[in-house]
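Next come the structures, one after another.
Two complexes, one shared chain (chain A), two partners (chain B, chain C).
Up next is the complex of A and B:
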């Protein structure tokens, strides 16, 4: 080979470069480069770095519902980073409640000064009994503040129920539940599940709910026939074996009376003791339905920790026709804030200092406090202070006063969550009792010391809705509504794991239809639609679910849906 | 996930989930997301693109009307044995089985996002980060300091709350012990379950409740015919639930009895299972 033949052409250079590139792919270098790039990208700005610090544990009670589950908060410094149950697990809402202060829909600012001026002005001009407070989580210490304030102002204290009942599942042998979500947020999860092995559960409802799945027997009812089934209970072959009937049907209190459940498994819901001066000067508890129509000129609604929702049209019926003033204490704009002139922001659990209302499954008095785990933001209003100032009540620490009233009884025991120890109340000083309440404890008066007052039966409230409801036409509204259990108004963004990413729970703004009904309405899974009832209509998203019986629509529990559609309402879903 | 656990005896952590006690509340899913800094769903996330290290599926017996019966089945990484399909396909060695614990670990910093492991996993228990992790303003303060958030483009999955295992190990070592106290290491989903449907423990220790549950006649594992040796045991007294779990894919007939891999401590294939009727498993169409 001559030297002239060894000259490199341009083609050779290209061949060498191409070969080098191809050969490099078979070396570790590019893979290492990709790995390093991946490592580097993990630290891109935008990916948050968790704060570090001393790990502490705090104890409190969950204030999202009257179950008031004991909570252990794992904190980095003062910031809670996870919540867990102390005696039994928490529901998903309670587990993620430490996210609520940061929820994008959380109300943080409001026209407090303007609302104060308007309420004072309105209260001065009102007609007799024209001012009222609607408390959607009655039985708390703040509820007594409202009652005292309304007694002073000669106003009304309104609650969803005037005579709430408590049920003793541990004394029941056979429970018939007509649609009550017994195993899905009805009572304190730990108590219900502890009692569950000892009673037979018969669940009667139209859809196989979470409770129906785990019941000993599921009786599938035709949608909308719950009342008819309740009326037929005395003639059922197993009626004599029933210890308790649960549900919302109006016939159920009378059936429980016939079964002899009052005094055995059904009791008046007991409250912790209150100072004597409070009970002497408190307005009576009035059901909203018992208020004459068009009689309230100033309505204050406390929905800050609501455990139920009353459709707006029932409230609106009670307001005067001209210029009613509605002020709501709320954590979001999604509830009554849509209708109120003023929506005032309040602290949200776990920012709030509040006691827990009596639980539906607890037949002896308890006293528990939700202690703030994080401070509330500036700009929120304390509803109790607002109403107290309106009535001119002297400023005081009402929670401490009530704790002293409890301590005065010297009865019962105090359970400390941190060490699971029970201490007789008589062994604690008033200051020590108050301190222990703030450190995460609960006071219980054991059943042996409690004398539950039996109730004869729930009497219908004095004034039921005066305007008769118009008849519903099956032709126009072919579906019958089945409602999901109530959920808090504000839930953690992580609930999207259940609502959106897995479809485990029906999201509050969704309705579920049987595939046949969905096809008939030309709707598909995820479609936007309009839910129509005789009350009104509401924008919803559609879930197609074969578990929903034909002819029914399972509705979420957003305030918008509840405003237009109650349980067993006739409805129609049309494409938006 | 390489563990330096020479001083601690080897364990084989697993779960026993009682399907008949699960009420589908979703506490396990939320507790898992809180513990492992899994972000809320992105706006476009669906049941196929979401991140749920543990997901509760609703299955039914395929009947109509009042004969229809449903059950909730929590599904997470089944923590297969040495022949875990995801381990063998990973080109980056980003997946391994920890010999000290039996936990199948995922190292997101090694992951390329090729998703071979997702394709290989017969349980669909792996999830890909389609979006950058994002929390509402302020909520990042609530992140667990023991777990690093993952970036977009990597696969993630259940690791039995490995941060908790590290904490328990550190505590054991600090106390001069050679073994972890079982009460110190409980994954978040187990701790959160209100109905006590999930038991967790060392399957190699016959004294643990989990190991005892695994030997009960009504216990089973998913897709046992694949011989992946999963460490998640399920229990149900309902035949149709057991049949669905044995099917190689939803809606298909289950393999014949006798092909199942024996459970620990048992020499014979499971007895008492019904003939393979076509239990049609359907994921809930909600979503």
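Up next is the complex of A and C:
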């Protein structure tokens, strides 16, 4: 065959291709491509990458609740990657709080301009006392800003309690707790646990809660009989040994008075000093229940760091019937944002610069601030600036002003978290004190220098105007509600482990029923259901738990559930 | 006809092998030069520097990696020698205070945790056991970046330098009779 006869046929092309494929297998190319593609897929957009950089520690205070635990934040570069307690532990919420800025349910955008225009327009038109601020974390410096603004606008400053009390567990010998979650987020964990060996704890409640399990004695009450039990306390054989009674029952303040607890273990909750000009020009603290019905036309709600929740129907009752304007400063859409005309996003801990409200178990004034560990995103509102501008208050650094007022007292000591060192306040300049607060310290006025308010300052509130509520029918609503301890509005998604795997907490949207009641309602574990009360109804998921007594329903603390169901409310759970 | 078919097949094999061994690396790797013409040898011999003088551990035990400009400027605020490389370095980076964007040959995937201090202080490994002769080289080799994965070619072992792959780590641990598990590195 001559060369002229060697033409390339289709068969030759296939043979060459086959040879190329076979040859390629003996080169690094295909194997390299497989590995490279796998590595490339590790770096797709959206895949989280751990922070790199120098490891440093920053110190601050947890702003999730008034306990204000000291926090040591481990940071890689500027990014906090883990939080731990200083001089005591943190609760699970606090341990995972550095996840909150990235929470998928977090509110990051809102109609700020529209809300501003509406509020400024509304505040100008409405009658005096028609504007109010509802502060769900009172006792902070921003609370004083609200009070000054409302004084200027002749409005109302509303708080869940007008005369909050503080309790001294270290001075108690025997404590009777009627459903109070004393060992489960009630006070400052480190303080409560430090005082715990020195007092006898009797826990009276319907379920064997975490506090009941750790108490010296658990008295199992029938659901809904807390008030009756409280009334019977003076006749109990151990009544004379009691130092303190805790709980939500309305009879408890009077019982503590009879026990002589006021001035010994019960005090008015003390606040750190404030500039004199503030206290002269501040609106009084008013409880919502004391406000006449249908009297508020513009309501601003600060739920950005809420430590309690007031059911919406109680707020709604206070609003004017026609076109009330409600603006809420919120971190999620789950709370009052469901009802407000405008929901404005705010910074969350650990983005906020804020001081911590006095703790329920601290009888001496303290001052500590939470400093931002990460910057807040663009587009969030500072509620204090918003309300100040509305009232025309001059712009100022109110936290610094308050720190200066504290410094002016020259009393007390400053505890530095980094080295656990106490320095007398009088040894620090005002600038040094302010810097130390930002670096992680707390100011305490020692007991010898402070004079806590005594019984005269913390009389239980007199009768308050309230609208009659419709009677509850045991036939229609056969169950008595038992509520879980309060949970912050935003918790790390990792906390679902507590809810779903460990069963340590009831998830906010769940209710727990005794198997007998669940069978009667034809409900199984995990079923979707509707919780009905005389106020309304909401969707829930059911947990069947033999630890819940028959005739009771243990409810989570989501805003939806709290809107329709308070403690000891009568309720019914039906299949959805 | 049969011979002709074999020749065509063999030609295909050879063409693919040529492309795979010679052409593919040129296509898949993109070559960059380091921002500074740096000589480890000069620093080791003339200045008497040791590895951990510049590649130091922080107080918390974490590895600082490539030194920052502050460290370099501590000695090179003004020229110490007469080389062009040093003059360029001072003019381009030290004087304007601009951090050199070093390309790290040993950069590992984000899902890998590697503790230098454990290997150096506890395992008594020498730097060159993983980094080869980098510490005595007179010039920094070109940085060849895989266009697809984004990692350096040096990770796979290249030009006489040891590999820094997972297989290499596991092999070393096996050879040293050390326990190893996934979570040691993939935390």
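One rule holds for everything that comes next: the second predicted complex is superposed on the first by the 516 of 576 C-alpha atoms of A that agree within 3 Å, B and C clash if a C-alpha of one lies under 4 Å from a C-alpha of the other, contacts with A are read in each partner's own complex, and residues count from 1 in each chain.
Keep in mind that, in the parts below, a contact is a pair of C-beta atoms (placed from the backbone, for glycine too) under 8 Å apart; a residue touches a chain by one contact, two chains touch by 3 or more.
Because the structure is predicted, anything quoted here is derived from the model rather than measured.
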Requested in this report: State whether A:50 touches chain B only (first), chain C only (second), both chains, or neither.
Outcome: both
Query raised in the report: Regarding the shared-chain residue A:12, is it in contact with chain B (first), chain C (second), both, or neither?
Result: second
Query raised in the report: First (chain B), second (chain C), both or neither: which does A:20 touch?
Result: second
Query raised in the report: In the superposed arrangement, which partner chain does A:121 touch: chain B (first), chain C (second), both, or neither?
Result: neither
Report task. Could you figure out whether chain B or chain C reaches more residues of chain A? Result -> B
Requested in this report: Would you check which partner chain A:28 touches, where first means chain B only, second means chain C only, and both and neither mean what they say?
Outcome: second
Query raised in the report: Do any residues of chain A touch both chain B and chain C, and if so, which are they?
Result: 35, 39, 42, 49-50, 55
Query raised in the report: Okay, in this complex, where on chain A does chain B touch?
Result: 31, 34-35, 38-39, 41-42, 44, 46-53, 55, 76, 79-85, 88-92, 95-96, 98-99, 101-104, 183-184, 189-190, 193, 208, 210-211, 213-214, 218, 220, 492-498, 500-506, 510, 512, 525-526, 543-547, 549
Query - Residues on chain A engaged by chain C in the complex (per definition of touch) - result: 6, 11-12, 15-24, 26-29, 32-33, 35-37, 39-40, 42-43, 49-50, 54-55
Query raised in the report: In the complex formed with chain A, which residues of chain B make contact?
Result: 20-21, 23-27, 29-31, 33-35, 37-38, 40-41, 45-47, 50-52, 55-58, 60, 65-66, 68-72, 92, 108-112, 132-151, 153-154, 188, 191-196, 282, 284-287
Report task. Give every residue of chain C touching chain A within the complex, in rising order. Result -> 4-5, 8-17, 19-21, 24-25, 28, 58, 60, 62, 64, 109-111, 146, 148-151
